[in-house]
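Got a structure for you, questions after.
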Amino acid sequence: MEKTTDVLPLTMNSSEKQETVCIFGTGDFGQSLGLEMLQCGYSIVFGSRNPRMSSLLPNGAEVLSYSEAAQKSDIIIIVLNGKILVDVSNNLKIKQYPESNAEYLAQLVPGAHVVKAFNTISAWALQSRALDASRQVFVCGNDSKAKQRVMDIVRSLGLTPLDKGSLMAANEIENYPLQLFTMWKFPFYLSAVLCVFFFFYCVIREVIYPYVYEKKDRTFRLAISIPNRVFPIAALTTAGLGLPPWCYCGILQLYRGTKYRRFPDWLDHWMLCRKQLGLIALGFAFLHVLYTLVIPIRYYVRWTWTNRTIAQAIAKKESPFSTSTAWLSDSYVAMGMLGFFLFVLLGITSLPSVSNMVNWREFRFVQSKLGYLTLILCTAHTLVYGGKRFLSPSSLVWYLPSAYVIALIIPCTVLVIKFILILPCIDKTLTRIREGWERNPKFSESALNGKTDI
Amino acid sequence: MEKTTDVLPLTMNSSEKQETVCIFGTGDFGQSLGLEMLQCGYSIVFGSRNPRMSSLLPNGAEVLSYSEAAQKSDIIIIVLNGKILVDVSNNLKIKQYPESNAEYLAQLVPGAHVVKAFNTISAWALQSRALDASRQVFVCGNDSKAKQRVMDIVRSLGLTPLDKGSLMAANEIENYPLQLFTMWKFPFYLSAVLCVFFFFYCVIREVIYPYVYEKKDRTFRLAISIPNRVFPIAALTTAGLGLPPWCYCGILQLYRGTKYRRFPDWLDHWMLCRKQLGLIALGFAFLHVLYTLVIPIRYYVRWTWTNRTIAQAIAKKESPFSTSTAWLSDSYVAMGMLGFFLFVLLGITSLPSVSNMVNWREFRFVQSKLGYLTLILCTAHTLVYGGKRFLSPSSLVWYLPSAYVIALIIPCTVLVIKFILILPCIDKTLTRIREGWERNPKFSESALNGKTDI
Amino acid sequence: MEKTTDVLPLTMNSSEKQETVCIFGTGDFGQSLGLEMLQCGYSIVFGSRNPRMSSLLPNGAEVLSYSEAAQKSDIIIIVLNGKILVDVSNNLKIKQYPESNAEYLAQLVPGAHVVKAFNTISAWALQSRALDASRQVFVCGNDSKAKQRVMDIVRSLGLTPLDKGSLMAANEIENYPLQLFTMWKFPFYLSAVLCVFFFFYCVIREVIYPYVYEKKDRTFRLAISIPNRVFPIAALTTAGLGLPPWCYCGILQLYRGTKYRRFPDWLDHWMLCRKQLGLIALGFAFLHVLYTLVIPIRYYVRWTWTNRTIAQAIAKKESPFSTSTAWLSDSYVAMGMLGFFLFVLLGITSLPSVSNMVNWREFRFVQSKLGYLTLILCTAHTLVYGGKRFLSPSSLVWYLPSAYVIALIIPCTVLVIKFILILPCIDKTLTRIREGWERNPKFSESALNGKTDI
């Protein structure tokens, strides 16, 4: 912060492109970064404990001892006093150390301006320019001028810097590359368990039962027919779990009579992954649509239809037209298609770039109103599909009801609860609670106390 | 702006996380924000007119009188002199006051650095961490250092600050949360009117007419058959209105002989919502595709096909193969599918994140060339679908032509006008006008005058 | 950088909105920009060589000589000393000049703060507010305060400034509007050639051959049947070329025994456009799905099915049910649908806003694991589709095998190579190479030398 820095604050003339950058550390990332920056016109000096051994380094670069290298350059990437110090390090596991590497470094070298950057980019990707993944480089640091200069370097490498603020963010940035679909794990395992369970449930009803009682080989149903029962069930169930957790929150708030107590951890986690649940449900719905649309192409279906026609033709008997069957068949198909359409709309609005375009009121409108409408349509689709057979004893196989009957449990429960919550008397109480009213103010205060201490 | 501020400009050491933040106002938002910031490690002091009454506040926070609270903290959220002053207020309706709240505040407290932030985030969302909607917090303010510090706070809450520049932007930011699909209203109502009109038009032709003359119950057609006539008509019409407004602009520019006169307001508004019209058309096209693909699964269709086959089998008569029918049937289906494919492409390029990736030339190429190609394919699809029956008297019912004939009016008109506009002689004049040539320079000047005064 | 600038660093009071902005140049863009800024409340002064001739300019604006205009205003857009100088210029072709216009300007007017902006926005779009394309304005410049003020102007026009760093980025920004799908050219032409070749290949087999030998008119197959053979072939081939170039890199690294040599240019280019190849393959797959799902609606197909049924009914003979055929038919359809589903997932993750949300590990997992799984499913889909007929002599027509046999060559090769590369012994060597080990260190060094000099 001497006077010199103030004279040319951020100005970097084009002639100054030959800035000398010093890189300490000749590891994988240091090499890739040096090579790229060399080719962008920077002069590179590597600092090494043993300069003569470093034969792997790109050739335009000088290799010097730490002290020599440091004196030669203006920006030092990793280690030294009074200069900009870019920390590219990563940890091996989440929360390895109590504080972030960058903050630790800043304590070790008090005079240096530590800037965290580049750790979210893969060395291999940087070298092979295979940057079709995210080009974002998270940058954070306490000194804004140092941060600006590092961001300029990032930009000149063809990457996009994203300012994440002060060094407090370093911890988050260091943990970022270690995550592997954290939010997706629970929804994924849940839906996997659902699929496996319902798959075997349907296998028992549709493959094993006919084999045992009628000695018929129905194994070919494993390929399309049974998946096409499992997918809609999984879709309805995950949608029923994922779309409306606001209503579980409502119940809890009503029960507690306050909004000032934190939700329990499991509900918090559930709320955070409800978008993922919804998207997985959409995936199952998409598969269900595909599997349904290919029905008339399947050999088994065509064979059945053809043989039924031939039998009728030989018997010279036309089947009469039933208007009620036409109504049932058409309306359950129509409701399914409309539900799928709304579901796709919901999926599109959950794309990050689309949800950034809508404000909170619009997002809530879409997710809440459209979410429930979708769930109602899909539930009705399943109910009408069942039609007259619904819960009839003849559809029981070994006392097991049809799979779709089980699928209806969760969405129907959710819709009934929602219906109760929007009854005027209950809705009024809930609105008052959400505006800050409390049934028992003392109680909430002590609860908050406890939470805050933790 | 005393010397002290210059000494530590943006540096916020990690130990400084215990910054004391003062929040004035114990309303809904103040409480949520305070609670969150407490849990992020800030010390919170609430300023209140009546400190003893404020039992609802989170417990880690102190509640003091305004003056006490202000002295204790470094950043004040809402009101006081010489410090950073974050305005989170919203209005109840658009354009409630002539100037923005933030600008009004800046006038009231001349020494303070007013920063507008947080007003686009819902209090409830902030508290319940249900932030799957936009995590963007619009921030604006005249003092860049104050803005930086507020942006750091935003980041530490896990949100993404978006710098909207100086306090001039406050007005826009304050109006933002009040909007509810402003641009979608006109396209939505237009398409709703179209749907209702064509629905009843088709009901008259396909349900009431057969009932009156043949006493046949065709009500089941309400579920799929009639929607599947309404959707493509609505799609074609809205696409015809939405895709090519450049051509209306062209006509107007030709007629006026200048490009320097503003378009009338209705055309301006129309041009601004043509993207929405296009997307609604895509929605209808998607529904049309779904409704068409389920045709062979429908009970009514299968019953018709089966009975026709049985009748032929009993009569021992095979129908001969007609190559021309095969050609007509296959080509209208193929054109429809290609049109839908291009339409989906157009829809994908209109996603914000995709359109940010393409430059203006590419976007214009896609929207203009691909837009017209899509319209041509879809119009041809409808024309060939009509085939020989097109305008034949036998298809008139109560003097009403088939619905698709009406659907063709708008797209055909648009295509004819476009075709005229690209005739060499007219295209040349238009290009000259767009390059700045004027048929009557005086006229345009006075017109601009008038507009500018308004 | 006098004292005055330090006193009001970025503060722009709302009363200051009447800043006078001087625009030099009365061309197309200057006029549009002036008009817009007038309506945003700025005072505009145009500088012109011949002030009296400039009748085309918006009327609120003054037109003065260069020197008069420059004295009146605070921000000058294009040319003058000691002030902010916004360069909006574009070149007519890529790499027209050795250095960027903005850098050239900065050399001509050493005292001015040159900021590059607005050149990526179309003049016509700005005037007609038809800004549904990208609203991003790339801004770069060496002086950060000047850049901030220009970014504020950009924001007040309703556009989004994107800081691209120092003036070094000007070259890239100037070339940006000249690109027209640069990365898409090679994949597009490749797929066009593939389509045309396979189209005529199928025409020979399915239209010309039956015409020559059986005098049958099969031309109607041109509309749907033959495209539906060409699309899956094109999809498989482009996916085979596009999805797994990591495996070609692996071979090259194994062969060279080092990772420090640059890949040859053609492989570099190929790797850069593999995302485009993948998306084109997805487009073809989508068309293939659409064309397949309409099969039961087509006149030709229904005629065939009906007549076969009638013939069987007349002969009073039902065809027996073949479980193995049902298995084959169902499993190839199921594999195709699952492959398509995964392909759509891959396509969604390649949307810019989605890929920005995932970190490098997640992206690599999706693209690599899911990519190969998709390719395996689609290849298996084609293999099982062939079923027993695969390579049987009876399917040869004029010694030409079925088209799908040719389509299998590339994906099968890719999968075999991949399979070899993940054999433990080879995988170990490759991992060592990617960690920096070299079979022949000297060799790589000289190679890098050569590259760096170029």
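Labels for the chains are A, B and C, by order of writing; each one numbers its residues from 1.
One rule holds for everything that comes next: a residue touches a chain if its C-beta (ideal position, glycine included) is under 8 Å from a C-beta of that chain, and two chains touch if they have at least 3 such contacts.
Fair warning: this is a prediction, and the values are worked out from it, not measured in the lab.
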Size of the rotation, in steps of 5 degrees, that lays the CA trace of chain A over chain B: 120
Interface sides of chain A and chain C: same vs different residues, half threshold: different
Whole-Å gap between the CA centroids of chain A and chain C: 24
Multi-partner residues of chain A (each touching 2 or more other chains): 293, 296, 309-310, 313, 351-354, 356
Of chain C, residues touching chain B in the complex: 9-14, 17, 28, 31, 35, 38-39, 55-56, 58-60, 120-122, 124-125, 127-130, 132-134, 136, 148, 151-152, 155-156, 176-181, 217, 219-220, 223-225, 227, 283, 286-287, 290-291, 293-294, 296-300, 302-303, 306-307, 309-311, 313-314, 351-354, 356
Residues on chain C engaged by chain A in the complex (per definition of touch): 1, 99, 103, 106, 142-144, 164-169, 246, 249, 259-260, 263, 268, 271-272, 274-275, 289, 292-293, 295-296, 305, 308-310, 312-313, 316, 318-319, 321, 323, 325-327, 329-331, 333-334, 337-338, 340-341, 344-345, 350-365, 367, 434-436, 438, 441, 445, 448-449, 452
